[in-house]
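Two complexes, one shared chain (subunit A), two partners (subunit B, subunit C).
Presenting the complex of A and B:
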């Protein structure tokens, strides 16, 4: 009995790989763009500009305080009401990019705050401008705090990408839904789905762990 | 070189500087002492605008420090600042620490900046520690790198905010020795410190601060042997007993 289903599943394997590719495409684009945006927003939130700071802060709070599924629906179903028509794929990428940027923004803010104020004062008093302080003094130190949770956040976001299957993006999760209608062995089908996610996420988990170890011992952080 | 004109500063309701008037001449070494919380750190932090002021004016080398039109980069490049906690950049070697600002602010080419950096570090006796990270150096060595970082910008003024207070006793002297040499070379210096030996030996004038006011300024001989104010006498009696 199981053998029969496994064989059927094997027939669907190319379909699964296509879904895997879609998952990688949606998360990959979102993580890259979301990281850039997240750093930008995080730096703005750590700056002195009150208005921009408040705007970014409010946006991040709204996104963090609402379910991702609802955000995806709003972008896909509700924006068209206002004349913004989006295919499922760009809608998914926009939603996930935004989510990534918001979480990464918070990680970046925490990293920047972890750099002692005296570092900034030392940089200020030698005449470095705002950008030079950030580029040469603050961010290199903040990165040590940012990197481990950043990679951990990537894992969470890749898993969150499964939500976009709800608007018809044929990612691994969607492939699971479609397959289980023909191969009525939920355990097997979604076991395979889970395995595929795990294969992408596990190396990242390992990377995050090893970064954590490296960063906590690391350089020569003496008395600062 | 440095002039305070009726400078007032508040932290919220707390009046930390109450009408400071002070002139420091070129090549003068002035020591500022006083109990903690008297406003002496705030006083020197105002000189390179690490702190704002609410009233009055500070003029450094003909530049008004708290005028929004003042080019702060230019002003700060002229003023070296040494912190109690060193504040070296932990991710950079000693040489990188001292060459960063010359390269970025003064736009000096790397090669030349490194020559200047090497010279500055040799001057503070650390010519053999160019490529060490701060955590590989002792406290006294770190503070000397911090002094070299200031010197490497070729400043006209050096400000010291309790430079030896975070050091173990056996390391204090190596830092004071560097400062003594600087004073001898004619650097304009304001030093906030409790090192009364240094004040007596090196400074031209000693200022005593209490509750945000400059109580007394006098040459060290006079300051230590004939203090005028009761508060100065009380402070000296506490600090000079050991």
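Presenting the complex of A and C:
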């Protein structure tokens, strides 16, 4: 009985791998662009410019306060009203990039805040300009605090990418949903889908944990 | 542009959004309660002395954390019937939410317990406090201070995650937006209204998090 279904599943394995590739493509592009944007916004939020700070802060709050599914629907359905016709794939990438940027922004802000103020004062009095301060003094120290939660956030974002299947992006979740219509064995089908996500996410979680151990050791500033 | 944005229709649909808002609150509260129970159980299993039970709990936590909630939801929604277990959509949704957040809760509780220095317990024993006095005066005040803020953070995540239940056609906030889209083809009005309701819940929970951080004994776990 189960053997028959497993055989059917094996036949559609290429379909699953195609879906997996789509998941990797959507999350890969979004993570790279989202990380760059997130660092930019995090640096803006830690800067002195009041107006820009407030704008970025409000936007980050709105994105963090609403479900990703609602954001995906809004981007997919509302951008056409502004005359921008989007396929499902670019809509998904835009939504996930934005989400990634907003969550990474918060991590970067926390990292920059963890650097003692005296470091910045010392950098200023050494005569470094704004960019040099950031590049040579603040960021290298902030990275120790940023890196472990950043990798953890990547895992959350890869998992969130499953939501874009709702607007018809044929990622691995969508493939599971399509397959379960033909092979009525939900446990097997979604067990396989879950396994594929597990293969990607589990090593990243372990990496995040080991980074946390490595980065916190030898940090002799006492309690943060 | 959005020159056709129609507030009148939003007012017309407001009763639907209100009942769906209550449904979201109810589903999230049930999920949160289930998550607390599951989390406490999984945590005590994981830090207990029995190796085998600890491994089972660890496997549960790791497999939940490494897979998306949507896949878990579909796993139960499509999978349980093939085992002959028939649950309503609401029960399936709450089950998925509770099991998903339970794994994160377990980690939060574990961090809370481990954050209490062992010396504190030793000092309490040496002062002659009994088990309940130790719990009441030494351990719980600190443990609650450490665990409550991240637990409220997880509650925020859970409320947002409950939006996924609309995909198994449960009537909650996101579903209300979908209904408005399919009946009137007004996605802007529908989903933006849902978003406003979600933001309402988010700001309340965020304020509670900030309050608990200020009021309670808080150390970063």
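Observations, loosely collected:
Definition applied: the second predicted complex is superposed on the first by the 217 of 224 C-alpha atoms of A that agree within 3 Å, B and C clash if a C-alpha of one lies under 4 Å from a C-alpha of the other, contacts with A are read in each partner's own complex, and residues count from 1 in each chain.
Operating definition for what follows: a residue touches a chain if its C-beta (ideal position, glycine included) is under 8 Å from a C-beta of that chain, and two chains touch if they have at least 3 such contacts.
Only a predicted model underlies this, so the values are computations on that prediction, with no experimental measurement involved.
More residues of subunit A are touched by C (comparison of subunit B with subunit C).
In the superposed model, A:68 lies in contact with subunit C only, and not with subunit B.
Legend: residue contacts after superposition of the two complexes on their common chain; A:21 is shown touching neither subunit B nor subunit C.
When both complexes are overlaid on chain A, the residue A:59 reaches neither subunit B nor subunit C.
By the document's definition of touching, of the two partners only subunit C reaches A:177; subunit B does not. Applying the stated contact rule after C-alpha superposition, one finds that A:130 touches neither subunit B nor subunit C. Subunit A residues in contact with subunit B (one complex) as well as with subunit C (other complex) are 223-224.
Of all residues in subunit A, only 62, 64-71, 73-74, 77-78, 81-82, 155, 159-163, 165-166, 173, 176-177, 180, 184-187, 189-191, 193-194, 197-198, 201-202, 205, 223-224 touch subunit C in the complex they form. By the touch criterion given at the top, residues 48, 50, 72-77, 79, 81, 83, 85-91, 100-101, 104-105, 133-137, 139, 142, 146, 149-150, 153, 166 of subunit B touch subunit A in their complex.
Listed in rising order, the residues of subunit A touching subunit B in the complex are 116, 118-119, 121-122, 124-129, 132, 136-137, 140-141, 219-224.
Interface of subunit C with subunit A (complex): residues 1-2, 4, 62-63, 65-72, 74-75, 77-83, 156, 160-164, 166-167, 174, 177-178, 181, 187-188, 191-192, 194-195, 198-199, 202-203, 206, 219-220.
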